[in-house]
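Before anything else, here's the structure in question.
So that you can tell them apart, the chains are marked A, B and C in the order they are listed, and the count of residues begins at 1 in each.
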């Protein structure tokens, strides 16, 4: 019955469709040609060297990493607190607030970008790291809240009650019982948030400048004027970092169960 | 022993009833940083955006702080601008249709897959493109669709075409790339929806004379319709708000609203009032669609719970 | 031509054997029950017959036709699932009509056939309802109607009654049986409930761990279990370990602990043979101290250890008869009531019970 293979074959092709752009940058990054050609000829690390030697790119890389770590730390603390409030308590306007906290995901990045550009424009924060940081925190917060909430909903409140009956104060219960049980969700949420920040382009595009540039923004501007395989090398670096973070998180903590 | 031990009651669920009664300000305390941040730096900018959309543009890059509807009128009546809106919506519709067609078989396979480890691997493979920056994926598509790129090379080798197809910097190429970029979202949304349709239903249909595909059409498709609607709206919203892929893969060939807005804000012509007005139109469209999606999900849940 | 013939059927999942070398023959129109504990392979067997799984080995013939290469929708079968699997988005009428629609039956005939099926399962008046508006029993009947309206060559039931409450289950047993006899369709029923199997089937196939333990008519399975598994699984049995001492004139003398028992009409004869005597409580009665054992009547003595009230019966566990326990029942209402620790004497005829060649399980 050859028709049995129809569906798996189609799925295989569709996966190829989704993964092709991510995969193609790998071989291209090693080509000897100055321009992008397929199939790539030769093998060289030249473009990686280009990237490592470039002051601009390295600064952008470090900025993205710093920004990512900082934004993630802030968003994780704020997001976890918000998640606890939304899940463990009941108060008027809860559903509305929940929707509100997750809303940055809904707002098109472009709209948020231009709004922030105008907002920060006349202020001191214009073109600063702080403005960029604020924007990133806002963009990644929903991910933390979503994942931590999913984790929290799955915890049984009676465990807390049991701890209380054994003499722990509510703060102690939170610290010694709830928080450890929340670790998978917090870690998964943080990792997801970091990757979102590291990969973020559109909002950052509005808030960066020649002095202050994240890696995705640098890549974007570079593509506008150049077409040498340095971008491929850069892309490989970005993909490897993002994929590693996500796959490691998935393996040790489990990300997809919270999505 | 603390007083709470004496007050201990066993309650089901995740809510902390004790805290509700004694310290009602607690949740607000926990939420205040997030609330403050969002109010000041999300709502604030959006409000400013709204205000700016009513300013009048003065040629030369300046603005007059007033209240006029010029920008909205300009956008919604000028044929060129309407063309941009139409292009945007058209692109969104095409991408959504393609992603529904491609997403269903993948989601179905994932939902019905019995081998856990294979399913886990496939899921992870879905996340990989999602977690790669959209710049990278768009660049990847630029390479793929280039005249000397793999797609053309393959088509030439298979003698399907004789000359390289112009795909890069065309609307067609943009649609292809954007479909690929947004497909993982569709799959992730559809898979649990299909899973909720018990497999026995398909088997029952098959036992009654329906082939595999027929059973899918008769049983699965009608029951996942609300989920399909929700997934479509998500992809459509993402498509019409998409910037990087149309900019890089489409180039100047297809002007969609995000690109147009970008030009008004940071491009050659700095027209913030007009850019703001367009942004707001885009935002309103998105909000309406999201509200529709919420309605669909609600209706789906209620319909299933009818017993 | 037989309604269903299965030979050498085998299937493994991930290295674990689900069904091993299964043989089954059902005459046309027969009602066969696949009976066994969960995990015994009965459901897998059903799915293999239906075509939802492909066997690793073996043949399946429905009405003489080899269906092995055929997908489910071409095997001409009707299935009732444990969960009923009614299409939630279709009405009762549309659910039942589905198979006919797939077979492109013309509208007027379709209407008649569906109406007849609804009549048969007594669902009149509910045609336009949706499954979620029906009770469990009603849903089950829709599933039934949907499967029989197409008059398949084979009917398959996967524990169709297990989701019903006890009273309804009993009623449905009779209805199902009557329906099947009326329609004359070869039927295979999968169940873990032995009462169900015994009361409904013409032929019972007892399964355990992927293998067939015994195939036979219900009373055969009950009175002459082929091995200890069947003996223990069907009904309540007392399993007495015995060793044959001698055999003469059709009477076998066997040692059971310190007592000598007589078995009449048994196939066993070789001295030294070890095995188990399987006795049913119905064959036993309480006797007084002055009634001795004879060639034709066995008497054993023991202590009442446990007593359980079952409503219609009182069940006692009597120990002290060799290593085994004798399970003994008396009518709950008017039977004598035994106390724990009470010494009792139990008798049964020498021709009662059956011999199993296996010893006590380790």
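Operating definition for what follows: a contact is a pair of C-beta atoms (placed from the backbone, for glycine too) under 8 Å apart; a residue touches a chain by one contact, two chains touch by 3 or more.
Bear in mind that the values here come from a model prediction, so they are computed numbers and not experimental data.
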| item | value |
| --- | --- |
| Chain occupying the middle, per Cα centroid | B |
| Pair with more cross-chain C-beta pairs in contact, given B-C and A-B | A-B |
| Farthest chain (mean CA position) relative to subunit B | C |
| Between subunit C and subunit A, distance of the C-alpha-averaged centres to the nearest whole Å | 58 |
| Distance from the mean Cα position of subunit C to that of subunit B, given in whole angstrom | 55 |
| Distance between chain centroids, defined by C-alpha means - subunit A, subunit B (Å) | 16 |
| For subunit C, residues that touch 2 or more chains besides their own | 71 |
| Per-residue overlap in subunit B, given as positions that touch at least 2 other chains | 212 |
| Footprint of subunit B on subunit A - complex, ascending | 3, 7-8, 10-11, 14-15, 17-25, 28, 36-39, 78-79, 81-82, 84-91, 97, 100-101, 103-104, 106-119, 134-135, 137-138, 141, 145, 152-153, 155-158, 160-161, 164-170, 195, 198-202, 205-206, 216, 219-220, 223, 231-232, 235, 238-239, 242-243, 245-247, 250, 255-256, 259 |
| Residue numbers on subunit B that touch subunit A, as the complex places them | 1-2, 4-5, 8-16, 19-20, 24, 26-28, 30-31, 33-35, 37-38, 41-42, 44-46, 48-49, 52, 102, 105-106, 108-109, 122-129, 131-144, 146, 148-150, 153, 177, 180-181, 183-184, 188, 212, 237, 240-241, 243-244, 247-248, 258, 261-262, 265-266, 272, 275-276, 279-280, 282-283, 286-287, 290 |
| Subunit C contact footprint on subunit B (complex, rising order) | 198, 200-201, 203-212, 214-215, 218-219, 222-223, 306-307 |
| Residues of subunit C touching subunit B in the complex | 50-52, 71-73, 75, 77-79, 81, 83, 85-89, 98-99, 102-103, 132-133, 146-147, 150, 156 |
